[in-house]
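Remarks on the structure that follows.
A, B, C and D are the chain letters, set down in written order, and residue numbers restart from 1 in every chain.
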Amino acid sequence: MQPDPATLAMAWHAAQDLADGEVAFVGIGAPGLAAMIARRLHAPGITMIFESGVIGADPDKPPLSTGSPSVARGAAMLGSMMDVFAALQKGIIDVGLLSGAEVDRFGNLNSTVIGHYDRPTVRLPGSGGAHDIAVLARRTVLLMPHEPKRFVQRVSYVTSPGHPGVGPRRPGPGRGAGPAALATPRALFRFDDGEMTLAAVAPGFTADQAVEGIPWVVRRRQTLASLPPLPALDGPAFHFMHKGGAE
Amino acid sequence: MSLEQAIRGLVPSGSLVFVGGFGQCVPFAAGREIVRQGVTGLTLCRTGADILFDLLVAAGAAKEIVVGWFGNPGIGISHICRRALAEDRLRLRETSNFGLLLRLEAAAMGLPFLPTHVLAEGDLVPDGGRRSVVCPFTGLELTAVPALVPDVALVHAHRADPLGNVQSSGILGDTLAGARAARRIVVTVEKIVDPAEIRADPGSTILPAHLVSAVAEVPFGAWPSYVDGVYDRDDDYYRAFDRLSRDPAWVDNWVQDTRTGVAEVVAPARKAALVQAAHEPPHAA
Amino acid sequence: MQPDPATLAMAWHAAQDLADGEVAFVGIGAPGLAAMIARRLHAPGITMIFESGVIGADPDKPPLSTGSPSVARGAAMLGSMMDVFAALQKGIIDVGLLSGAEVDRFGNLNSTVIGHYDRPTVRLPGSGGAHDIAVLARRTVLLMPHEPKRFVQRVSYVTSPGHPGVGPRRPGPGRGAGPAALATPRALFRFDDGEMTLAAVAPGFTADQAVEGIPWVVRRRQTLASLPPLPALDGPAFHFMHKGGAE
Amino acid sequence: MSLEQAIRGLVPSGSLVFVGGFGQCVPFAAGREIVRQGVTGLTLCRTGADILFDLLVAAGAAKEIVVGWFGNPGIGISHICRRALAEDRLRLRETSNFGLLLRLEAAAMGLPFLPTHVLAEGDLVPDGGRRSVVCPFTGLELTAVPALVPDVALVHAHRADPLGNVQSSGILGDTLAGARAARRIVVTVEKIVDPAEIRADPGSTILPAHLVSAVAEVPFGAWPSYVDGVYDRDDDYYRAFDRLSRDPAWVDNWVQDTRTGVAEVVAPARKAALVQAAHEPPHAA
């Protein structure tokens, strides 16, 4: 299952916030893809941790689930779920990569329900480890498709807490610093003072297009950076995506 | 003991059932036997639910799920649970994956609760309500989560001896936390082996006989999930399920086929392909 | 290192309280020996657990320490220390076998200090897992050499709590029923109403010899049972003790 | 990194040091290097102390021990620690083995405390004083034990890759709880291997590279303790130690021999015998 170009761009932009040697708690789909891309390009020493207990994973193709054979094969360690969540709670995971159905201007994520909790319009799969990663990782990087309905002033249900809405989240024991960045296929946002702020734009998009459809006036940094262009799809960084077989 | 006997004797209607497996070793054969026997009123629990939950909900075996996540792992939502929730045939008690894991871990440690730093913020209210506990040394306020003690845990694994010493490898996820939390454990394995084979490699044992109430040999018993190094995950099945399970008529047939045993017949060629895939070296070209 | 005949007799008497199929948390020396003897005679289905994390151990000779190679070799499972203590706290260990430097009439054990804590006459190695086993095992069986100085009215330091001195210990969540028996080379005592009570005497000893030197008037059951004679030292039950090599 | 560099950089005087190993894999080589470097003022912790504690106390490297038990495992008391306590050269903070394990587990889980059912009765007062905590769901009163966070954990293991992914087998006891609890981990191994060898068998990995600060190859680095399947425990050494360590003059010589490196020279014949014993099949006649 090859990711579409927009997902790939979003993952690529999120990968810009991952530094070599960092320990990243990742999930399936775009978050995992971001770490896999970083590992194959500028951050070969990144350690990927999956909630299934797999540490130092090196999947040879994008896995279908966190418990897939390709997550285990070739990993550095197969631990337990408690091993990895305990490490997360201990505060030694540098970065958590998260997505969700909805995000708001303070980086709160909703992956539980759209609408009223008891009679929802859309019932989603729930937190999984997302709430825990959002609270405990030293920082988080969010990934969101550029679909304006996913951006809301205030999410209807806070599954994964972001910034409090009055300045940035204060880290402490058992408490990370919250969202550091939000990547879309068009841009990278930062959370200056705890609010989503346009910081860098992808080649081919204007600043206005980067915030197009988002239902509030999105803060912008005075000087916007340019995101590096997506590497060639047939290059070595993306070779792993062209593999067939079980995932 | 046969699987039929194990389920009949150890999984009565109304039980709180921990369903083991994380990606691999999901105890599908045990779940199908529960459906065949017409067990009802179960509460199912684990961190992230696999599509085995869908089968048990669709068949009317389960009336409640206690989870951190439910859906088709890596693929999408649970169409079956979503419908059952909307139609009030299913009750959902949800927390985060770590929150649920700690509830099981508390039970496994013989404690009524465990403290944690999660679940204090946001809208997720821990099961039993949001209660705090203060560290008597630091004064730090933490969230308490109550122990969750399953009546029985279903576990699928690679091998066991007839006494119930169980061995496995690969991804275990929350399986051991849930199994140790439970009052009883029912195990299916790919192969029953001689006790001497177990004792020649005690480092691979994941559950000791004294915790295990029943063990039954059921080859391919985790299909369509997988068993590390034995057969691979049937990803095509999971993908097709996302499409097919949207259709209530297909779901009814699936439940019916499960009751009659048709649903678990895997074509030999498909079996062979899954076995072969599990034996490819890592990072094969 | 072959145990002396008195230690052997004491272990044999303690083994009388172990039933087939039970799960026993044992230590090194006489407690382990009792379980090994029971396993080779009347309780082949006994599960021996060592605090080192070894479950279903089957040492082929008396091990020197709980972490010895012979404890691991041929065991059913090598778990962690947390695995076995968690099981103990969960209340699923049928019996703990314990010894100590001193015992009192209520089954309290001292393995910490003789004399004042800060300026002890004799400093002992401390609790180890003994306190935990005493509190958490469903019942305990104590083993004591027949050395009168080890029997005291009240131990100077309660390392491992026994019965409270006013009736039997009440079991509950995280709390076992306490000492069920105390074995010496000469006798087996029970804790009727929570007090050490002579219940059975070994062949060759009188009831008076069984309590000789103990500094209080030891209760006796109205009818005293006879302990079975120690099996022949060259029989199959004791074959494992005649092995050489590493322990 | 060499062991000399690892100890110099990561075990400064005054550190709280968790000493790994339980019967097997006691990190003697690392301990001897600490003595050689003249490190002082250490506090040592683990559940049950091995005779490596005696060396570090005798050499004046450790001024305090935090333990559940201290002595010569399976043989008897610690003559060296007993003397040091009587002469006020050593401070002892003791709890039960489970109590100490829970203190490490709390730290490993990122919690300031854990509740337990032990340490409420009897004369053992938990470190930090006896504090209770009430379960907010059941009202049950439990004992709280405070997290113990070692500055550094010393671990000996079978093998590691140069990145610090560590593999071992056999009895682990409390080694992983203590290592995960610590801020840093210093590892010695019998053999440094290629990362590919580690990744071919990820189920045998006990510590991942990102937790490990340094790894050094030191063959026979656990002697006189053992390494499962590599060499057996030198029981004669432990037995002789019980007799010899009663004599302060012998102990002074032993410390001196450790400083000069003489103490760790194992006769080739003895090495060969210990290696051979480790390769006997279980239950050999």
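The definition used in the following text is that a contact is a pair of C-beta atoms (placed from the backbone, for glycine too) under 8 Å apart; a residue touches a chain by one contact, two chains touch by 3 or more.
Predicted, not measured: the structure shown is a model, and the values here were computed from it.
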Exercise. Sort the other chains by how far their Cα centres are from that of subunit C and give me the top one.
Key: A
Quiz item: If you tally the C-beta contacts for C-D and for B-C, which one comes out higher?
Solution: C-D
Quiz item: If you average the CA atoms of subunit A and of subunit C, how many Å lie between those two points?
Solution: 56
Practice problem: Express in whole angstrom the distance between the two chain centres, defined as the mean CA positions of subunit A and subunit B. | Solution: 27
Practice problem: Report, in whole Å, the distance between the mean C-alpha point of subunit B and the mean C-alpha point of subunit C. | Solution: 39
Quiz prompt | Residues of subunit A whose C-beta touches two or more other chains | solution = 54, 58, 72, 74, 78, 88-89, 136, 173-174
Quiz prompt | Residues within subunit B bordering two or more other chains | solution = 110-112, 116-117, 140, 142, 169-170, 199, 203, 282
Quiz item: How is the touch graph of the chains shaped: line, ring, star, complete or other?
Solution: other
Quiz item: What chain-chain pairs meet the touch criterion?
Solution: A-B, A-D, B-C, B-D, C-D
Self-check item: Residues on subunit C engaged by subunit B in the complex (per definition of touch)
Solution: 23, 47, 54-56, 58, 72, 74-79, 83, 86-92, 136, 173-174
Practice problem: Report the residues of subunit A in contact with subunit B in the complex, numbered from low to high. | Solution: 28-29, 51-54, 58, 60, 63-69, 71-74, 78, 80-82, 85, 88-89, 108, 112, 117, 123-132, 134-136, 157-161, 173-175, 245-247
Self-check item: Sites on subunit D touched by subunit B in the complex
Solution: 110-117, 128, 131-133, 135-138, 140, 142, 144, 146, 169-170, 199-200, 203, 282
Quiz item: What does subunit D use to touch subunit A in their complex?
Solution: 107-112, 163, 165, 180, 195, 198-199, 202-203, 205-211
Quiz item: Hey, which residues of subunit B end up touching subunit A in the complex?
Solution: 22-24, 47-48, 67-71, 73-78, 82, 85-86, 94-99, 101, 105, 116-124, 140, 142, 169-174, 176-177, 226, 228, 232-233, 235, 238, 274, 277-278, 280, 282-284
